[in-house]
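Order of writing sets the chain letters: A, B, C, D and E. Residues in each chain are counted from 1.
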């Protein structure tokens, strides 16, 4: 445990080594350093995890970060159950992605290769800072750090303007969320006088006004929306596919997007005291889940489908958080990390094998070319679709049951989302691996090297069995190990939850049956439909709308971006140049003008000079004698 | 005596340089002098002063009761340190630049330095005004002589604009002097002066106008983009890095303590204007194609935040302003250094004509990216500390102000990233030839980067520099 | 007293020098030496008292203030001879006569700075004015010079008429010409007195070229030979100011409230007209004429405030204004082109002079580190010390000071930042350059330690 | 109405009339002559007020010397024709009105100024040469001497301005 | 005669002089009008001299020189006027020699 502060420092060291010596190191060394530090961090995390499991949590206070007057913000790390879980996910999945990258990015030059690993390490560092931070400010540091890294990685191929735009978009949208977070932090400081989790939560429930708590939680939610790609700040995530595929995997699975979930889970005590905020969280989550799922239905880019599926799954997690199933949400984070990393890396493998072709319409029949990838992807699809006993089933089920407890409407909509998930995932599966190969004849797809497939296998394994740590009561008494493990984090707040009527076991069985049955039906339908080549028809009606992602990007562009640019133009031309500056220059011009006029008084004519003098004399006489002061 | 050496070393060296004709010798002397000043400043601020800050006083104009009195309290420590550091960086970074009549250029730069040091140290109103103007005169010559096109008109506008502000301040100074108990210019007696409500309104506004123009605060900012664009880059660095701090410093030293009631009464209005300025400048910055103007507007936005925070009437914001003064100075000098390198080599300052420089100048790119992110207050860089504290303080004053002002961090990201993208990213250009950093530039930027991270990760030493001042102002706020 | 007696005598000496000396150079040399003697005599008087004791019978009163002003003006005169002597030689053939006239003017100045009787004021002003009419018209080949002389003469005599009317009315009111008798506190103020003072005020405003009685100034300063413009605009003007202040020193309190309003209006008009009209001028000489009006506006603050600050301010202003303007005119007189374009690239032609001129211009603009700053500073302080009632006037004055930066800096811009056609050095000796530089150095010295000069008021 | 008053009114009317003539005559020579008449009228007033010395001096210096000088110059320049151009009509009238207004204003300002009434002539000898001379050479000796500087400069001026041969 | 009559008379003549200065263009006549103004002043001074003389004589009959200072002032005014005239006419003659005109508006190069 005492080595815990080293966990984030190791990736930082890796970043510095790779970053500063990028021109000197060979790819092998870079890869070893880059992955090695994460591996060590993972091992240390595991040690920490075991300590935590033994009931030992600790706060490391390193130094005073900001200390002014009454405000003290130490640089502190906190390792507890929630952190431990996230540490394992981040370093574990992160390590696999690093390994994978050594092969995937091998075509880059030395310096760029090193740069890539430096960014990856920095990314992990930031994320570790985020989850290990002992107060909101440290969390915010990591929070912005991941934003920065996503910017750097999405724009990794900086020659391409579209990629740069995607990177910029990611950063800016994250910043919108960050502002919300920042405001929340200020509010917390004002309300509690501190930002340390323990100090803040120990003051709860206290006698704080509902407005304050609701305000704080809503502001935090805004932050979470940005980072975890929820409506309305989700559009950056699909665009973030511009980065190399391992980056997508890292962003979507292990890091970044889970930050929002982590933050809300971390602030659970605040949220349970603000039921309205909870409701908002749930509704936003649900809406995001559905919206993203509908969009995913019609995407043809393999990474885009996965991206929208991520958004959708994150929506589920938010739904879980919103209905109070914090454990469920964290559980889903974990399983999602496994299978989404798997899917992305698998997709990366496919793309790698297909020579950077990402359009699924050019795939088909890859089963025989890339068996390992195919197997792994199938596992991933099954897991995300929620087929028992794959991991996704348990976590998603837990959220759906909790949603049902909150409101049957949540459940029905959630289920609809789950069905769509199953549909588009198997659409992806079928279009990619089944049927006939539709790509170029002379570009033969090939299986990927070991460094790619081994992580796939590991992740596939985890996707299959990962759910077993959270077996619901229904199947096994005390089967939910994760729940028990996380209990200390959520225990305090649970007693203030608005008790939902927990559905009876029979209801639960029925729900399970319905959902599994429907999902299987959908899968069968999807596989059948998409194994055959599709007619290349122009989509119409709703299809077209979905294909164009509900035109949300266009909407944002028209409603927000363009007006802002227009205002900028207005300011810089109308107000700045011909307004304020003209006014300022006008003073000067006015003086010059009056100068030209005034000098006409000096007509050169003595007579008029004398006349003006006499008139002035008269004026003064009048003033002195006839104006009473 | 040590304090007066802050002023006299550059002053005398500057006068000397007018008569030295060899260019390299001139550059060497300037750098050596700035390093010497830096050494003295570092020594002076490291002296544990106990409760009484370092000070120096000597009768100057006996019958006017004006003394040559200097005071090194918290704000002065930070600003003098900034001045000393800035000039070292500037001389280092522009080592390769060629100037016609270089000796005059460097002499004027050193005179500017002397003036700035004087402004930050004086504890006597008349002396303050003296240096206030003196810092301006060399800059006038620098900009008019070595600036870009339209330099004469632009500099002139800048000069007259700031001059108008300062003459009004002079009226204020004299009036207050007249009202002091024993007709004295000393800072202490100014703080003790008792004014009627009407007088306070007038003279608060007089002082404030001078400072607002210097900062510059919306809507008095229009001289600034033009001046930054046309001034020689070395001078622009002085202008943006150090000189705009004169306005803020003036508020800290002469406005808040002298007009405490009025400061809190007018705070709302000033903060609103500052915030309008922040958003306004940010929005304009987004639409700039000229990289120098972009940085200029970004500076207006940053300064707006600082001025808003100064009036937020709480210690966190205040302390935040203090260290942000330093950090902003360092960061913006870093930005200018990069811009200067690009402009020296390509002659282009339009972003739309640049692009893909990252291929040719990776070190330059990395440095710029770091500085740019520090400029938009990314955590663990120095910019974050100050802005966090300022927003925090502003939030305590009025949450809505903080939220609205906070929009600027989004807009800042937009324009800064846009700039990085347009200048450095994209396809490699066939026509643009840019060499990577030469050692002197590398050293300057590396120093800046180190400072960025040092102050961003462990800001405590900087924060402590300002702490002393905190008590002073806290005392006057409660007066 | 030494000044009055000896400047008259030395003037006569110069007159006769023309008979015996035919080299213009030598005449200038003699005049310079005599001026130095005069300066020494005045210094002697400051230190040890007058050489002759004359029973002045309430006509004159030698005060330290007056002596200090004399000293400054004499020093300025010496500087003027040193710098502009060679240009005086070029005006015409009657060089010794010009010098004689200048010495006579100094006698008038001596009277104007020490009179206590309105008769002496009248005589002093006339002794100053009449030689100036002549000097203005001394460039007889030049129609401008003649035009200026005519205008100056007609308007000057007109204002003398006004002044005499004023004096007559004052006499009617008080029965005396003595300044000391005016301050009749407690007695009802006679209308005669008020009207009389008003008329004198107007005629003195004319002499110091305060608006709206300034109309002669630009034309006369422009038309007169540049060397004599320099003399008129500086030394003579300051003397007129001192006379003005002395006049109101004793009489002021009687009707202060109204006076302040009248003077405030005059100041405002002077500042506005002087500064704003100067902005559009093309000729530096004419710009300086307007600038002298503008500076007069500032000097009038001494009259407005009528306190010790104002007096000290006038002393500083005398030094600041004389040094800077004499220096400027001395260089200007050697230029071939009086327009602003004429100064283009001047720093390349004459780097040393350019530095000095810059300092002079900064001083006129009132930038710190030059004595010009302190002179303005004292004036504003004087005005503020009267209370906050006329704050608008002070603000106006300061804004006008900012406007003045515009036209002063136009010269600096031309000198340093523009390139001109003329590249040859000025026809000036090295000693000329060093003298100008010395004067500039003195401007800076006084700009740092104005006390050095002011201490002579009080030891 | 006694002789004193008759003399006063007569002289006043004469003075005002002839001074009006001075400014209205086109021919400058007439103006000079009317001015001389005005001076005589004023000298008459001086006598009424016991200022005999001044009355004489006025006639000798002003009417005798100065006006002759004027006349001389006029004749020299051959300006005795009515050659003067008229001013712009508006300017002319506004000037005339301004002059009139000035008079009205001054009179209005001064009409209550002093209730004093002057006595008949003959009372006291202030106008005697003896008294004036004593005072001039005792109390007023300084200005008397200093006025020599004025004359010197006038003399130099006449030389400077009048001398030909440039 | 009440002293105000003299004041009025002097003011009238003075104003006539001023009017003449304003209305005429012949510089010699303008100058003559200025002389007229001076004479008005002289008249006024003499009147005041008489007035103060009588006032002071009432208080102190021995003070026979009371009020003479104004008469001396008039004397000095005449002196100065004479000097002024010599210079003024010299200037006018100078001008006439150059341009053959004595019109005050003839020379009009200096303006603005």
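What we mean here is this: a contact is a pair of C-beta atoms (placed from the backbone, for glycine too) under 8 Å apart; a residue touches a chain by one contact, two chains touch by 3 or more.
Everything numeric here is computed off the predicted structure, so don't read it as measured data.
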Shared interface partners, meaning chains that touch chain C and chain D: A, E
Distance-maximising chain from chain B - centres being C-alpha averages: D
Chain whose Cα centroid lies at the greatest distance from that of chain C: A
Where chain A and chain B are represented by their mean Cα positions, the distance between them in whole Å: 37
For chain B paired with chain D, centre-to-centre distance based on mean C-alpha positions, whole Å: 71
Inter-chain centre distance, chain D versus chain E - centres from mean C-alpha coordinates, in Å: 5
Chain C-chain E separation of Cα centroids, rounded to whole Å: 27
Shared-contact residues (touching 2 or more other chains) in chain D: 87, 95, 98-99, 102, 106, 109-110, 113-114, 139-140, 143, 147, 150, 153-154, 157, 161
Sequence positions of chain B contacting 2 or more other chains: 160
Per-residue overlap in chain E, given as positions that touch at least 2 other chains: 3, 7, 14, 17-18, 21-22, 25, 31, 49, 51, 55, 67, 69, 72, 76, 80, 83-84, 87, 91-92, 94, 104-105, 108-111
Pairs of chains satisfying the touch condition: A-B, A-C, A-D, A-E, B-C, C-D, C-E, D-E
For the chain A and chain C complex, residues of the former touching the latter: 588, 591-592, 594-596, 598-599, 601-602, 604, 606, 609-610, 612-613, 616-617, 620-621, 623-625, 629
Contact set on chain A toward chain E in their complex: 599-600, 602-607, 610-611, 614
Contact set on chain A toward chain D in their complex: 607-608, 611, 614-615, 617-618, 621-622, 625
Residues of chain C defined as touching chain E within the complex: 119, 122-123, 126, 130, 133-134, 137, 140, 143-144, 146-151, 153-154, 157-158, 160-161, 164-165, 167-169, 171-172, 175-177, 192, 218-220, 222-223
Complex interface listing, chain C residues touching chain A: 150-151, 154-155, 158-159, 162, 191, 194-195, 198-199, 201-202, 206, 212-213, 215-216, 218-219, 257-258, 261-262, 265, 273, 276-281, 403, 406
